[in-house]
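Heads up, there are several structures right after this.
Here chain A shows up in two complexes: once beside chain B, once beside chain C.
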Partner chain A sequence: MSAPRTIATVAVSVFRESVRDKVLYNLVAFAVLLMAASYLLGQLTAGQDIKIIKDLGLAAIATFGLMIAVFIGIGLVWKEVERRSIYSLLTKPLSRAEFILGKYCGLGLTLVVNVVVMVVAWYAVLAYMATSVSPEVRASWAAPAADPAMLRAVGLILVELMLVTALALFFSTFSSPFLSAGLTLGLWVIGHFNADLKNFEAVVDSRAAAWLAQGLYYVLPNFSAFDIKQQVVYAQPVPAGYLASTALYGAVYIALLLVASVAVFSRRDFK
Partner chain B sequence: MDAIRTDALTKHYQVGFWRPRPYLALEGLTLSVAQGEVFGFLGPNGAGKTTTLKLLMQLIYPTSGTAEILGLPVGSAAVKRRIGYLPENPYFYDHLTAEELLEYFASLFGYAGPERRTRASRLLDEVGIGAERRLQLRKFSKGMLQRVGIAQALVNDPEVVFFDEPMSGLDPLGRREIRQLILRLRERGCTVFFSSHVLADAEALCSRVAIVARGRLVASGALSDILAFKAHGWELVVSHLTPAALECARKSGRVEKAVPLGEDRYALDLPLSVKPEELLGELTAAGAQLVSLAPLRETLEDFFVRQVAAARNDRGLG
Partner chain C sequence: MRRVLTPVLLVLLLASAVGLQAMRERGGELPAGHGEVLYVRSPEALRRMSLSYHSLLADVYWIRAVQVYGGTKLGRMPDRSYGLLYPLLDLTTSLDPYFDVAYQFGALFLAELPPGGPGRPDQAIALLQKGVRAQPDDWHLYQAIGFVHYWSYQDYAVAADWFKRASRLPGAPTWMEPLAAVTLAEGGNRTASRLMWQQILRTATDDWFRTEAERRLKQLDAMDQMDTLRRVVATFQARQGRPPADWAELVRAGYIRGTVADPAGVPYRLERGVVSLDPDSRLLPLPKEAEARP
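For the complex of A and B:
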């Protein structure tokens, strides 16, 4: 069997296992409920209702997507090793690289499906909002309620989540879930304040510390680059070139992490 | 070409975090298994059986030495297509059913559509999984998981099968069924390599065995060779034996032990130096009747215990 088919077979199995996990349903259900609740919250504010629903919707997709990526991602490899299900699997015609890539694609598929479910719920709330107000109010909005341009932010959130998944998967190839979760979330937080590292020399006197911060700026993932939520909520333009280069940056980083994951996992002894 | 061949296969682990020290899991294992034979790999817990199987499956990498299966280096895709493996205490995906698991594993071998379903269904029948095949595996007992584990090891009609403690978790009926399954595999020409510490299984199934203790091979060969060499006396069973004749035989030092078997039947253990036909002549002259006469062989269990104790002593002295 060809490598892509083997990877797809593993990915479908991961997807099937994930969608039967009750935790996943709870997370998605909670996210959808939050979006529905944002409609009520919007009613309490004067003139800002549509922005609140857009803001909360994007935040819910990013946050619950992050939880799915981290908490399923860290267990992907660890669970297989700890429960020894990997023993049967790796003795089938499946290389360790195919196993890692299959696991990653399976969780990626799970994430895409869940993000789609959340986006559909969010757009449904926005569409309902649009029908429940007068044409004058609608005309005062900077952009339509169900503005398709917001999908650009969703697209970058998805790339960010795929990057977080790759990080979680990398850490789970050699460490425990607790440590993997800590390292992944730690890097995610640092990655959102990455720009501060670049300008570190402005706040410290030490040249060495400034160089170290500069080095970290280039090595650590820059998650803040994926955040264009404010721009799309306020209907500000986001250049296509920026979208493409950010997505490419994410793809390259993901590829490097997957190569590192395969390298670590391929040398590992399953005691 | 041998089905399995290892040459000085060795595995050391580093144990301890602050001051790592080497731990010998397996040292210099050299053995070969011919195609079509049922080979027992025996040893107490911690002897290195599972380590050897993991090395053969390339779940761990050797510190030194080599291993081949069907003439090919272990771990290659070509080898994986032709082998099956049952790990010790197998565990699978909680949310999949037995049927889905087998179909998943079958699809990794490239089986698709109806063939994949038929194959999964046939194997589950063969290991005695009935209507439960549509239950999620988290609801399975240990014995049922063991049966699923055996089925998944056979999903590709392998030429060589590796079973790590295949009888573990099975009830007596299940053990008998798996023994019959192994014999059926042998009839099909499949090589079966299984590890066990249950010696009765090895005696019932194996043409050859290897015994490991503390990471070292302590004996290997045909069961008949290992055990016949260790014959250490005779067992003479007679009936109608009078107490006077028995006492006379005992006093002459030719009977080491006499075990009453009920009524006037006795099992007499004679040392190897005694000629049993002479004693039998005297006893029959006194009215006794021969029931059976057989050499007293060391059982595999006796042999096993002695070899393991010797290995422990060697390592202790070393």
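For the complex of A and C:
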């Protein structure tokens, strides 16, 4: 069997397992959250319900995806080792690199399916809510309620989730799930403070500390770069160059983590 | 047996919980604590803590601001404090500097006279100027600052200056420049106020603004109607040598056709010859400037 087909086979089995594990149940929670919010917000927000549903939808897509990426990602390799199924897997015509890449693609597929379904539900709720607004008010909006341009933010959220998945997978190749979850979430949080690391010299006198912070700024994944939620909600322009360079940055970082994961996993001794 | 027992047990326990909750409710609640508390007041700290959820957190603070304003305004507490309103609006707009409605409604809330609001036009202007720093090309914010100077300070020269500045910004409506001229020439005139609210009603981008503009126009109508009624009462008093006891007496004497209600549908009050709005009318409090200079 060729390498891409082997990877695809592993990926499909990961996707099936996530369906068996009822991961897709979160979609029900998402739909209920949006519908309940759209009903309740009209009474509470002084006419800002559409804006809030846009914010809530994007935040919920990012959060549900983050939970799936972290808590499934950390178990991808660990589960196989814990169940000892890794021994039978490695006797098959399957290289360790194919195993890691297949696991990654499988969780990626799960995330894509989740995000697509959440986006469809979110747009449906927005389109429905727009019907309750007077045509004069609708005409004054900078963008329609179900603005297709918001998909740019969804695209970057997806790249961010794939990066988180790669991080979780990397940690799961050599550490326990608890530690992997802590490290992944820790890096995700630090990745949102990148601007502070860059400007660290403004708050400390030590040049060494400032250089260290600058080094960390460039080395650690910059998760704040993937956040353009506010811009798309206000229909502000996001240059195509920014989207392309950020997506490319994410892709390169993902490749780096996958190569590192394969390297670590290849050296592991399961005897 | 167990198959039947479990559901029965679950139903019994749920029924007991509901019953106990109802019983507790009848027993009264514990005394209220210290009311609303704002744990984090630093916008910068909150911005960092919110990671990539600035907008969503801004929405949460906006909802809190609306609840604090509405809850205090509609509450029956004699000591109405809007102390949390400005910090909440400050946090909202720090987390989301493009939240136009938070600036514009926030300013309306803050400038509203007590008991309907805190009566803090200084805070309203500070909030709007923060908006101008974030969005220097948004004419709505300049116009809103002009309004606060117009209605709260009755400083028509400064108000006209802000309207003039708004008129020079991209997208400003054509009526903005004439509005600046009218404000400068006839500020404080009820006709000028009516013109201003009619323009807002015509160009409102939000149902709430529309409702507010309609309420303000009704207030102006009510002031016109009260002037007419005062003239009627004065005529009655001049002829009879005493003020009318009530509206019914004026009806019987043929001065008016029936009980007169304000544009919100609440009958006007007539006590010892003084005509006023009923304290329950949602048109209260009336704007100061137009009342002073009919």
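As a convention for this text, the second predicted complex is superposed on the first by the 255 of 271 C-alpha atoms of A that agree within 3 Å, B and C clash if a C-alpha of one lies under 4 Å from a C-alpha of the other, contacts with A are read in each partner's own complex, and residues count from 1 in each chain.
In the analysis below, contacts are C-beta pairs under 8 Å (C-beta built on N, C-alpha and C of every residue); 3 or more make two chains touch, one makes a residue touch a chain.
Source: prediction; values computed, not measured.
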Considering only touches as defined above, state whether A:265 meets chain B (first), chain C (second), both or neither. neither
Have a look at where A:13 lands relative to chain B and chain C in the superposition and call it first, second, both or neither. first
Is A:170 touching the first partner chain B, the second partner chain C, both, or neither of them? neither
Is A:134 contacted by the first partner chain B, the second partner chain C, both or neither? second
Under the stated touch criterion, which partner chain does A:234 make contact with: chain B (first), chain C (second), both, or neither? second
Quick one: is A:224 in contact with chain B, with chain C, with both, or with neither? Answer first, second, both or neither. second
Between chain B and chain C, whom does A:21 touch in the aligned arrangement: first, second, both, or neither? first
Taking the two structures together, which residues of chain A meet both chain B and chain C? none
With touch defined as at the start, can you tell me which chain A residues reach chain B in the complex? 1, 6, 9-10, 13, 16-17, 20-21, 83-95, 267, 269-271
Residue positions on chain A within touch of chain C in the complex are 41, 44-48, 51-52, 55-56, 58-59, 62, 133-134, 136-137, 140-141, 189, 192-193, 196, 223-224, 226-227, 229-230, 233-234, 236
Residues of chain B defined as touching chain A within the complex: 13, 54, 57-61, 77, 80-81, 83-87, 89-96, 100, 104-105, 107-110, 149, 152-153
Residue positions on chain C within touch of chain A in the complex are 48, 51-56, 58-59, 62-63, 66-67, 96, 98, 101, 105, 204-208, 210
